[in-house]
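Common to both upcoming complexes is chain A, partnered first by chain B, then by chain C.
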Partner chain A sequence: MAEMTHIERVMAALTNAPADRLTTYPIACGVNRKLVNGGITYREWCHDPKLFAQAFIEGQKAFDYDFAIGLMDLSVMAGDLGAGVRMDEQNTPFVDRHIVNSPEDYEKFEVPDIKKGRSAVLLEGTKLYADKLKTEVITAGFLEGPLLALSQSAGAERMFMDMFTNPSAVHKALETMTAYDVEMVKGFGKTGVAGLCWDYLWANYSCLGDDQYEEFEGCKKYAVGLNELTTKEGMAVAIHSCADLPHLDTQIFKFKPAIYSMAYYPLIPGSPSATEVIEKGYADNCLIGGQIDPQLFIRGSVEKITQVTKDLCQEVKTALCKKGLQGKYCIASGCEVPPDVHTKMENIKAVVDTTKQYGKIDW
Partner chain B sequence: MKVSQIAGFLGSGKTTAVMKIVDELMKRGRRMAIVVNDVGEINVDAKFIESHGLKAKEIAGGCICCQIAGTFSETLAKLHDAYDPEIVIVEPSGVAIPWGLKRAAEYSEAKADMVIEHAPVITLVDATRIDLLVKAVKRLVETQIREADVCFVNKVDTASAADIAKTEQLIKEINPKAEISHMSSESGHGIKYACDLIEKKISPRYDEAVEEELLKKQYKG
Partner chain C sequence: MSKEAILNKLSDAVVNGKPDLAKEGANEALTSKIDALDAINNGLVKGMSIVGDKYAARQVYLPQVLMSAHTMYAGLDILLPAIPKSAVADMKRCAVAVVEGDVHDIGKNIVKTMLTASGFDVTDLGKDVPTQTIVDFAKEKKLFAVALSTLMTPTMDCMKAAVDGLVESGYRKNVKVCIGGPPTSPEFAKEIGADHRDADAKDCASWLKEVA
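This part shows the complex of A and B:
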């Protein structure tokens, strides 16, 4: 088959139509800042929409991805809600001062002005890279789900305990988080991205069972409603989960995302491999992305990551062929390529190039 | 450099235990450092810790795979270069996964000239709240018990005999291989034994060789 454009390839994958090869997107986001102006700091990158966008544009030039998905970090919403965010020069920012110290504090959250703070940087930056790249690749924004935004703001341990001891207070806060997400979805809807990738991190059997997840995120009031709004705003729903034991039935069969990006932990019993995910039907109506170990981008050699990518291509091609599917798997990292200064950029290139060579769909 | 994880859910008494363990090991002449989840809970040396940026963030589910691994390993490398501690006590969040922290700790070997050893992973389980913990955060507590080398039933001075027995039974059911011991972090009971374990015993490294074997089988060699 003749070589397709990025957009043709992704659209074929999404609709299970014949494609030239598997799609690929190492989830390279913050690490692309190393390509901007000879390398900028994380702090600069995540505070300036132009620099944020430029990193994705430079990444596309350097590596020729099939997607551009704009993850900034997981403390954007918490920071704008008032939590303290530690902002190192080169590390991923993270929350170091939570703002829930008593059950009453859950009721004090207010939706911030999304035209200010890093929410505004994220939305403006997303628009800038979407404007530049949307005719070339499939673009998507990236947003924290309500339970993740709350855990980042309140502290996960406290939140999990309060879900049992003070559920009404937690729900009150989740309603505010959801209202914040609604504003952000509407904001992303104006950026021109084709999709919105949700991080519903806590849909993980290591933390929550089905009933708890349903009550605190998986229901219409929260995630289901947000997914519907995403579609209404003209964006495809994508979900990222790097959990070790993800709630696949809920997140794929119930939420029905167009794309689901996931990780694999070989040493955790029950962590689903690419083959298992395909065999169990999760790829039937959803483009699955994964599952290269992100740490290989720092610690692995080019030879090693090339071999891993080659093996993964072969594994998913075999499984897809057996299931009668076309290119419904995207060769990606299981989580973000570490935005670490030590990350080897040549390993990102190796994943893309190896997929081009060994991901050809020839059945 | 030896890394010692002292895990346990919020309210399990781990911050008190960590401070007493650090104190005891320093009395024994050990060069110590600590990496904590929440400096706000620690009233000793907080300014010192803060000024050196030696905090670990909350580490959740799979997130140890990407961003946090880098931050945590960087923290350990900085500690090594600045202070060359013999033992680093890590007080992770109650949602952290011990194997993930082990793996991330070993990544620091690439960033500093050192070899990481692991002390036995210690998990504290609060016997006075065992019923609540099982009802409220069962899966998280199970994860931390499952990955422990040694579980200390904590607060034995105030817990009832029935609750202590119930806690021991829970630990045995989840992790039959774990050693079970008793502690009262408030009174200091069990602290010296915890220090002996940290000083003298070793926990296996995160086993990349096992992972490699599993992947080889998956890809049929």
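This part shows the complex of A and C:
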């Protein structure tokens, strides 16, 4: 088959039509800042929409991905809600001061002005890279789900215990988080991205059971409603799982995303392999992404990551062929490529180039 | 109330995540002259062990585990001061810490709970802990083990720094170093010279008990 454009390839994958090869997207986001102006700090990158966008544009030039998905970090919403965010120069920003100290504090949350703070940087930056790249690749924004935003603001331990002892207070705050997400979805809808990738972090059996997840995020008034709004705003729903033991039935069969990206946790018994995910039907109506160990981008050699990518291509091609599917698997990292100064950029290139060579669909 | 009833009350309080009942049971244990260590091991710890098994079997999840841990500590706060010093001295001492540069401590807290429930005397050094603090504390307190955690990739190097610091201090051969957290792996543990890596807090406690 003749070589397809990135967009043709992704559209073929999404619709299970014949494609030239598997799609690929090492989730390289913050690490692309190393390509901007000889390398900028994380702080600079995530405070300036132009620099934020430029990193994705430079990443596309350097590595020729099939997607551009604009993950900034997981403390954007919490920071704009008033939590303290620690901003080391070369580390992913993270919350170091939570703002819930009593059950009453859950009621004090207010939806921030999304035209200010890092929410605005995220939206403006997303629009800038979407404008530049949307005719070349499939672009998507990236947004934290309500339970994640709340856990980042309240502290995960505190929130989990309050889910047990003060569920109504937690729900009150989740309503505010959802209202904040609604504003953000509408904002992303104006950026021109083709999709919106949700991080529903806590949908995993290490943390919550099905009933708990359903009550606190998986239901109509939270995630289901937000997914519907995403579609209504003209964007495809994508989901990134950050965790082991994901709630695949909920996140894929119930949420029905166009794309689902799997985390890499081979050590946890019960976390599904790429083959198992395909065999169990999760790829039937969803483009699955995964599952290269993100640590290989720092600690692996080019030879090692090339071999891992080659093996993964072979594994998923075999499983897809057996299932009668086409290119419904995207060769990706199982979580973000570490945005570390020591990350080997040549390993990102190796994943893309290896997929081009060994991801050819020939059945 | 009989001894058995008090011990059951402590265990049930932990299983059901009821800190007030654990405090009540702990006070009743002391009033009834039940040995504090007995009340801990056959009451609170027994309950936490049940919760640990249920968590492993995915019958309960993180909210319940955290509430149970909170409940166990509520009881321990009352019972620990009543343990004879000689009994405490016999317990193997451990420290848990989230390494410098990281503040994600939920995993560390669960490891602390499981180590405590396994009979170790555990000091929580907290989060974002400087390497030198870990090294100095291990040497000064003659620790049997340190359990280090991180969620983030850039701070994994601080785990190596802690192992290197222990080597430089001359105390490394006396202390077991366990690491954990999503980005870590057994290969990484080997690479930095740590003794063990687990994906599960209960397994970490089991391994330390095995080598103790």
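The rule is simple: the second predicted complex is superposed on the first by the 363 of 363 C-alpha atoms of A that agree within 3 Å, B and C clash if a C-alpha of one lies under 4 Å from a C-alpha of the other, contacts with A are read in each partner's own complex, and residues count from 1 in each chain.
Keep this in mind: a contact is a pair of C-beta atoms (placed from the backbone, for glycine too) under 8 Å apart; a residue touches a chain by one contact, two chains touch by 3 or more.
Quick caveat: nothing in here was measured; it's all calculated off a predicted structure.
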Practice item. With everything superposed onto chain A, say whether chain B and chain C fit together or clash. Key: clash
Check your understanding: Does chain B (first) or chain C (second) touch A:Glu315, or do both, or does neither?
Key -> first
Check your understanding: Which holds for A:Asn91: it touches chain B only (first), chain C only (second), both, or neither?
Key -> both
Review point. For A:Phe164, is the partner it touches chain B (first), chain C (second), both, or none of the two (neither)?
Key: both
Exercise for review: Check whether A:Ser273 is in contact with chain B, with chain C, with both or with neither, and answer first, second, both or neither.
Suggested key: first
Review point. In the superposed arrangement, which partner chain does A:Asp73 touch: chain B (first), chain C (second), both, or neither?
Key: first
Check your understanding: After lining up the shared chain so the two structures overlap, which partner does A:Leu201 touch, if you call chain B first and chain C second: first, second, both or neither?
Key -> first
Practice item. Check the residue A:Thr355 against both partner chains and state whether it touches chain B (first), chain C (second), both, or neither. Key: neither
Practice item. Tell me which partner A:Ser241 touches in the superposition: chain B (first), chain C (second), both or neither. Key: first
Exercise for review: Decide which partner touches more residues of chain A, taking chain B and chain C as the two options.
Suggested key: B
Practice item. Touching chain B in one complex and chain C in the other: list those residues of chain A. Key: 86, 88, 91-92, 94-96, 156-157, 160-161, 163-165, 205-209, 244, 265, 267, 293-295, 298-299, 335, 338-340
Check your understanding: Taking the complex as given, what residues does chain C use to touch chain A?
Key -> 17, 58, 60-64, 66-67, 70, 101-106, 109, 128, 152-155, 182-183, 185-186, 188, 191, 199-200
Review point. Quick one: in the complex, what on chain A touches chain C?
Key: 86, 88, 90-92, 94-96, 156-157, 160-161, 163-165, 205-209, 212, 244, 265, 267-268, 293-295, 298-299, 335, 338-341
Review point. What residues of chain A sit close enough to touch chain B in their complex?
Key: 73-74, 86, 88, 91-92, 94-97, 151, 155-158, 160-161, 163-165, 201-202, 204-209, 241-244, 263, 265-267, 273, 275, 293-295, 298-299, 311, 314-315, 333-340, 342
Revision key, fill the gap. Counting only contacts in the complex, chain B reaches chain A at residues 9-11, 38-40, 53, 55, 57-58, 60-63, 65-71, 74, 93-95, 97, 99, 103, 107, 110-111, 132, 135-137, 139-140, 143, 207, 210-211, 214-215, 218-219
